[in-house]
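The same subunit A turns up in both complexes below, where it pairs with subunit B and then with subunit C.
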Partner chain A sequence: MGDYTFDEIYAIVVMQSFSGVSLMCIYILMGLGLYIIFGQMGVINMAHAEFLVLGSYTMCLFSKFVTENMPAFENYYVIFAIPLSFGVAFGVGYLVEWFLISRLYHRPLDTLLATWGLSLIMQQCFRSFIGAREMSADLPEWLLGSWAASDIIDIPISGLVLLLLTVFLIVGLALFKTKTRMGLRMQATTQNREMTGALGINTKMTDRITFGIACGISGIAGAFFTTMASTSPSAGTNYIVDSFLVLVVGGLGSLVGLFVSGGFLALLSSILEFFMTGSIAKVWLYLVIFVVLMKFTRGLFSDKVRS
Partner chain B sequence: MINPINQAESSFGKVLYERLFKNKEGLIAFAILAFVILIIFPTVLSPFRLNLTGKYLCYAFAAVGLVMCWGNAGILCLGQGLFFGAGGYCMAMFLKLEASDPESTAIQSTPGIPDFMDWNQVTELPWFWNPFKSLPLTIALIITLPALLAYILSVFYFKGRVSGVVFAILTQSMVACLWYFIVGNQGYFGGINGITDLKTLKGWDIRTEDAHYLLYYLCCFLLLFCILLSRYILSTRLGRVLIAQRDKEMRVRFSGYNITSFRIFIFCFAAVVSSIGGAMFTLQVGFMSPNLIGIVPSIDMVIFTAVGGRESLLGAVYGALAVNAAKTAFSEAYAAQWLFFYGATFIVIVLYLPKGLAGIYHDHIKKWIGKSMSSSKNNDGETPALVTEEKNAE
Partner chain C sequence: MMHKTNQLKRKLKTLFSVFFLLSSSSFVMGNEEFPTAEVCKTGLAVTDDTVTVGQLHSITGTMAISETGSVEAERLAIKQINDMGGVLGRKIEIIQEDGASDWPTFAEKSKKLIIQDKVACVFGCWTSASRKAVLPIFEKENNMLYYPTFYEGLEASKNVVYTGQEAVQQILWGLDWAYENLGARTFYLIGSDYIWPRTSNKIARNHIERFLKKKDSKCKVVGEEYYPLGHTNFRSLINKVKLKKPDLIYSIVVGGSNVAWYKQLKAAGITSNKYNLLTISTTEDELLGIGGENAEGFYACMKYFQSQKNPNNQAFVKAFKEMWGEDSVIGDVTQAAYLGPWIWKAAVEKAGSFDIDNVHAAHPNIELPDAPEGYVRVHETNQHLYSRAKIGKITKDGQFEVMAISDDLIEPDPFPKGYQ
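Coming up: the complex of A and B.
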């Protein structure tokens, strides 16, 4: 430590914690989708990581399409790619809910297995139809640069955009849930399915849209995943266990808990990875989580609901 | 004087018979399984195929464990590989120590320690390898280590009433944690390559054909023993409480049972059974690696159980055999189609066959057999058995 000046240490801390913030955003975006689905139907979607990969591929393929056919458009395609990723993931999620999940209500453990089967099939689809090779999007130049906050602190612009996008999505989702008719229907179905149905709301349709939205958010996370790493059919599996744990530590069904535990785990894992190798850092991260959960078995911010 | 004792003995035998097999049908089903794995497979299959079958039967141990804790107690464990691996690694560490005696490792910079330690600049045998110098201690650890692990990993969660999906997710992250632990500690556990090059057990070469036959039979007998033990547990009141708390948790709680200890017990029991399977796996296959026990193999174990029928102990064995045989047959030639098929199996089983192969047998084949035999014997074998059992309990 003696070789660094105070300013340099400060810069390292700022940049390191910013990389933690990027990880936190991915955790939160993944966790957000899982949170919505869990809140709605008490199930954890094991195929969630595949929707992230679906979003990534949409972004990559769209970027390829744009560079080949409309080079003039290259700098702006990202703005359209993100809604497109959302749309594709939403569509697939909608169909999945219709044909698979809707048949499995009240059997949460079975849904776990069925969605795992789904994730195998989706991974193999990516491998067969898109190719097993890693793929990355050609990002426009304005996303690649970095913002020099001071002489020695460089913050990547893509990270800033990811942060902004996450905040935007969270606010948007909160407004959607409380202010729009569809959002209110979603909330009503979560709270009391029978009563909502009795009041004439199509709960099945609501379920499909809810599931679609959750998958779509994961798709957006995937689109932004391309700025951090290249996409391969099994790229999502590295994040899925972590995002499950984010959800569990936060206390299933608590939005505040999701943010706190996302931040806590991302910070912890970037600190641990600074001091030891990747695998050992993971072991310690998991052990800390297990011990925390031994004390707080319902998560840090659980609703005090009698089950 | 002699008569009452004889009677007592015969009634004890009867109780045991009913506990283990329930009725004649149970005995026949068990005998068929024993006949298939002990006589048909060794005579029909080539030594290579038999060794493969032995490997599949090791997975059947894990599946039997899952039948106990998932099918009959409602605790889905997506991390059964953790315990399978605990047994497998204990056995592998013992064999590795025996394979790396000072003479055969003379070229290393530190002779007498396993080769991967030497490659990773470890100069001294770590303390936790010491118990694996003795076979009895190793066997004791194969039984106690997974039980202890399962106890520590479940006691707080079950006390805090963590169950269902959340516990399943937790067990999955536990097995992920073990995977990272082994991969990260290359010098102590061989890392991603695993522990390889295992040769002898107490001087007996385990790689010969004869050894494979013997180990196969040992594996079969242990498996049959585990199944009988599981049956016994299910037939006692303990087993009935387990099934009751699976179906109506609150009702059992309000009846004054402490569900937590029942759950911990069955979770530990499943862990020990899987661990025995892991140890047999190492013996028959000759190596152990983290990729055999990670997240994906652990879920594979659940699918074996699901295919066989989650409540059926014998079904679990058939499930493990069928899925593995199909995997070996198809995955080499049609890798892509196999994964589609495999994924679809998960979905179809869950949607349409929640009871698996055992369900097909109970719902269709059994009726058909009953019709074709058209005997006047009691079709409903369960009720009389239960009645006699209750009488005996009194």
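Coming up: the complex of A and C.
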């Protein structure tokens, strides 16, 4: 590093830290939907990544619709696309819980197989009904560029928005769980299903809404991922490993754990990728995770999970 | 009266029979000129009026995105050939199989096409992995594969015709162009982590360190990195690029990663205003996903761009859009796939036979003067194509503006000496 001036190194440290924070947000967004479904319902949703992709497609198709039909609206549609993605993914999740998951609560291994099958079905549906080619949302110009803080430092605008969105979702989720009637019902159902039922709460409906909300949050995450990656029928395969990774390292079913493990993985891969080249950094990342999991077999933070 | 009508009837009858004889004899003549027993001695699926060929691409799975264009281009070429009267008076019929982005499936389906359907040749494969999977079968069963993708070279089978460029054709001239026209002296090599980008960058590094360095001692490679397929986080890499400030970012990122790569470059302020980027992996197809505005002003080195102005290309683009829809885009590989059936037709007609050995013997020096990309010729020995390399600059609408075309046809050299 001897060839570089202090300013350059300072700038790189700032930018690299920011990209670490962005990566942490991505990890958290990826894991959030999976965490809710596992933490609250004990279901491992192998079709999780397809709900992310569903959100991405909603964003892409909506953007296409807007650019074709109401070009004047182009700069602001993103604000409406996010709730729309939530709505679509919520709807699909709600139906999936109703027709598939609710029949399998007592057979966890079958849920695994069923949701995996669901992921394949969803992939093929994307391919058949939307098309095999990659899609991209036409993003408004203000979201694409960077904010040049100095000559060398460029902070991506999309990264800033990502950070805001993540904070908003996490705070929103925490408030929802503790402050709203529905949230309390969700928690009650998680803690003691029979007792909750006896108190007159419709636990089946609660499950359905919980699953829907989790899918909806994945939909929002997916919609946002269109700002940095492509959308294709099999894009989910790129997300699923990282989603599980962040959840497992964090300790299944803990929001704090999700937060910490997202941060830990982001820090680790930012440092490794900076000092090594791409693929090798990935190898070291998995090695470190391997060691961490040998030490903390239940993840960094593990709450009690309904057994 | 009676007598007259009878006469008329008889006259009409003779007229009809003459007409019938004439029309059928012209039909028979086609086969007399090329009787089935003569043009096909090895039991391929050739009848008096049809010849069956195979098409083997991924219609499902990850690769469907890329391979769809090739399927469409081959179908267009075959339709056009059939409209012109077919090959040796025979209409081409297609049996299509799906490789499903899975290499063992490719092998299995190629066996089915060759052994069970006895196809006269196969248009197919896209990735090197799928080609390597079917190669032993084509060699053992002696059939012919027309392979459309630009690839890493290091192969020259007598059972494959490579209608895309091998690495040397795509790399050397492009780097020279960047050296001359962009003043590129320092290079940062980036690729997805598999054989094609790695082999290509090896050739690029050799060229920079041994040939360009002789011209200017400042020439050097300041970084070389690979990321797994499907990788979507390039932020750390981008920061390293910013630190090293290369004159040229040389990019061979493929598939879904491509989109993440360009979007993040733009988000980090690496645009064509400040940096030069030359890619050999981004075509109009990928730009559809990336969005032209995210890569505007960067360069690509290919042998074909949809925006080429020659009349042959304009006719091709028009026919393609008529058949597959106004929205379709045509990338380098799609055009190369379009050449496959035409080269096969020319070879079969030159040989006067569908038999693989005769077709193989006929391949050298076959010319397509009117190809959309411009004149091409099959190499004397290795069944690759001589073609001209071109540099295109990415425009906002996801197309390329052609900046330069190599003066000479570039010889295909799949085993380049001094580069391995």
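Rule of thumb we're sticking to: the second predicted complex is superposed on the first by the 297 of 307 C-alpha atoms of A that agree within 3 Å, B and C clash if a C-alpha of one lies under 4 Å from a C-alpha of the other, contacts with A are read in each partner's own complex, and residues count from 1 in each chain.
As a convention for this text, a contact is a pair of C-beta atoms (placed from the backbone, for glycine too) under 8 Å apart; a residue touches a chain by one contact, two chains touch by 3 or more.
The model shown is predicted, which means the values in this text are computed figures rather than measured ones.
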item	value
Subunit B versus subunit C as contact partner of A:L120, first or second or both or neither	first
Touched partner set for A:T227, first subunit B, second subunit C, both or neither	second
Touching partner for A:S158 - first (subunit B), second (subunit C), both, neither	second
Touching partner for A:S279 - first (subunit B), second (subunit C), both, neither	both
First (subunit B), second (subunit C), both or neither touched by A:K64	neither
Partner chain in contact with A:K204 - subunit B first, subunit C second, else both or neither	neither
Common interface positions of subunit A, toward subunit B and toward subunit C	124, 127, 277-279, 282
Contact set on subunit C toward subunit A in their complex	59-62, 64-65, 68, 193, 224-228, 230-233, 235-240, 242-243, 256, 258-260, 263-264, 266-269, 285-286, 288-291, 293-294
Residues on subunit A engaged by subunit B in the complex (per definition of touch)	42-44, 100, 103-104, 107-114, 116-121, 123-124, 127-128, 241, 244-245, 248, 252, 277-280, 282-283, 286-287, 289-290, 293-295, 297-298, 307
Interface residues, subunit A side, partner subunit C - complex	4, 8, 12, 15-16, 19, 22-23, 26, 124, 127, 132-136, 138-139, 141, 144-146, 148, 152, 154, 156-159, 227-235, 237-238, 269-270, 273-274, 277-279, 281-282
Contacting residues of subunit B [partner subunit A, same complex]	70, 76, 78, 153, 156-157, 159-162, 164-166, 168-170, 172-174, 176-177, 180-181, 183-185, 295, 299, 302-303, 306, 336, 339-340, 342-347, 349-351, 354
